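Pasting the structures in now, so scroll down.
The following pair of complexes shares a single chain, chain A, combined with chain B in the former and chain C in the latter.
Then we have the complex of A and B:
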């Protein structure tokens, strides 16, 4: 459990240390990338809790999501339409969905454990 | 299990990197990104105010220039009026000098008419003294020669003056003067002199009437203003 936390800290430090700046019009890509990462993360957690986690799906999903979102944003910039909003919308909806599912799963697990304890006692 | 954690760790790494990176990004471009709606509206409001102000400024400026132009033209008018007034004042004083309301001085000549000193016994004395008509002749000749002002024995002749004979003396505007009569005239000396000395002119006639005539030029003839 400590390895992801450590890597999170390393990532944060890396982000702080890079002194690179992106042009203002490319910040859309950054927000999409953040959302994609969060989405992948929550998807992974959910899959983990549902016990159907697959590394290949997880990693490829992450990269494909980011790529598709970036592509949408790129097209949007070329056409003058805010197409990246579609990606943000999709990611956001999925994020909340995943979160609610995770919440439910955790509750169910908690109840099951309680039930098991009760069963043990009785 | 270990590889799974690694994958998670990798995603966390990317996530962390992206989070902090975008955080720094927004911090460095805060001025541009963080203009929210309210601020924008305020900005718009102030901008509009500024534009209004500038428009008003422009209007006032044009008004100012217009007013300046008006002031300038008014000043010009006033200056012209002053000039006209000055001209008028000069003209008035000249006319007053001519009519005798002001004292006048200048170049002129003095004509002295004297009764003949020698009167032959056989002739009547009347033929040897200066009569009012002689003075009339002289005065008229001087006026027609362009004399500006004429005085007889120091008495100014005006437009409505009269010269009349009262026995041996001559009355000018009611004041009597005996001979000799000094007729002083202000004007162009040459012209007056020449016109008096014309052949068969005034002087010739006066001399034929046995009057002693002397003409002298005076560079400073002075005449006083009429007593009002």
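Then we have the complex of A and C:
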């Protein structure tokens, strides 16, 4: 559990310390990529809790989602339609869905553990 | 403790690293620190002085305009017409529509031949000439003419098929003479001598010789001044940007 958090912090530090920045017109792409990445991450957490986690699906999903989101934003810019809003909407909805499922799964696990302890005692 | 470092953990960690990196970059881009004013007191004081000078100039202009206005009001009709004509004359002079006479410099641009080698006949380009004219005005030249073409505020200098056109008229090949009216010849000569423009000309195998004259006559600009494509530059208000 602590390893991903550590890596997240390392990534943040790396980003801040290199002081990199991208042109202002490309922030759309990056923000949507971040959203896609977060979506994949929470999807992975959910799959883990449901013990359905598959590493191949996770890694490929991560890169595929990020690229697809970027591509959608790019097409949107070319066509003059705010297509990236569609991606933001889709990812946002999925993010919340995943989070709520994760919450429920954690609750269930917690209760089950409590129940198991009670059963042990009695 | 179970196995801490499984491949699965590592993959998730890597994804987290990427996410962290992207977020950091996004953050950096969105929250770039605004440029700080790093001028010291002396620089600020100089800038202030310059602004004050501009202000002073504006005040003088306003005073002059008010003076003219008062004259118009106080005069009889005949006098009014006369002062209007005076104003028109003055404006024509400012625009370069009249001949002008005075002391100044003649700058001759000549080909520079180096002894031994075979060499093409040197040419200058419009860009260089423009740079030179800008340099001269910065040095304090009041009126200028290239050959017999008067330089006005909207005089174009451009390359047309290898020739240089000033006011839509070719000025021909080198040597070229530039006439400059100024009240302070010495300053311009010094300015030109220390500026890099001489080197730029030398790169094109052109040398310049400057001679002071007490009496130069500049030709008038004889075309219509076409302001059709001239637009007011959109200057942002102070403190707006």
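Note that in this section the second predicted complex is superposed on the first by the 120 of 122 C-alpha atoms of A that agree within 3 Å, B and C clash if a C-alpha of one lies under 4 Å from a C-alpha of the other, contacts with A are read in each partner's own complex, and residues count from 1 in each chain.
The rule is short, and it goes like this: a residue touches a chain if its C-beta (ideal position, glycine included) is under 8 Å from a C-beta of that chain, and two chains touch if they have at least 3 such contacts.
As the structure is a prediction and not an experimental result, all values here were calculated from the model.
Engineer: Quick check on the superposed pair: does A:99 touch chain B, chain C, both, or neither? Answer first, second, both or neither.
Structural biologist: Neither partner.
Engineer: If you stack the two complexes on chain A, which partner ends up touching A:49: first (chain B), second (chain C), both, or neither?
Structural biologist: Neither chain B nor chain C is touched by A:49.
Engineer: Please indicate which partner A:77 is in contact with in the superposed arrangement: first for chain B, second for chain C, both, or neither.
Structural biologist: Touch partners of A:77: none, neither chain B nor chain C.
Engineer: Using the touch definition from the top, say if A:6 reaches chain B (first), chain C (second), both or neither.
Structural biologist: both
Engineer: First (chain B), second (chain C), both or neither: which does A:86 touch?
Structural biologist: neither
Engineer: Counting contacts the way the document defines them, which residues of chain A are shared by the two interfaces, the one with chain B and the one with chain C?
Structural biologist: In the superposed arrangement, which is not itself an observed complex, chain A uses residues 3-16, 21-22, 24, 27, 30-31, 33-34, 37-38, 40-41, 44, 53, 55, 58-59, 62 for both chain B and chain C.
Engineer: Flag every residue of chain C that touches chain A in the complex, lowest number first.
Structural biologist: Interface residues on the chain C side: 4-5, 7-30, 32.
Engineer: Inside the complex, what are the residues of chain A that reach chain B?
Structural biologist: 1, 3-16, 18, 21-22, 24, 27, 30-31, 33-34, 37-38, 40-41, 44, 48, 53, 55, 58-59, 62
Engineer: Applying the document's contact rule, which stretches of chain A touch chain C when the two form their complex?
Structural biologist: 3-16, 19-22, 24, 27, 30-31, 33-34, 37-38, 40-41, 44, 53, 55, 58-59, 62
Engineer: Using the touch definition up top, name the residues of chain B that touch chain A in the complex.
Structural biologist: 3-26, 28-29, 32-33
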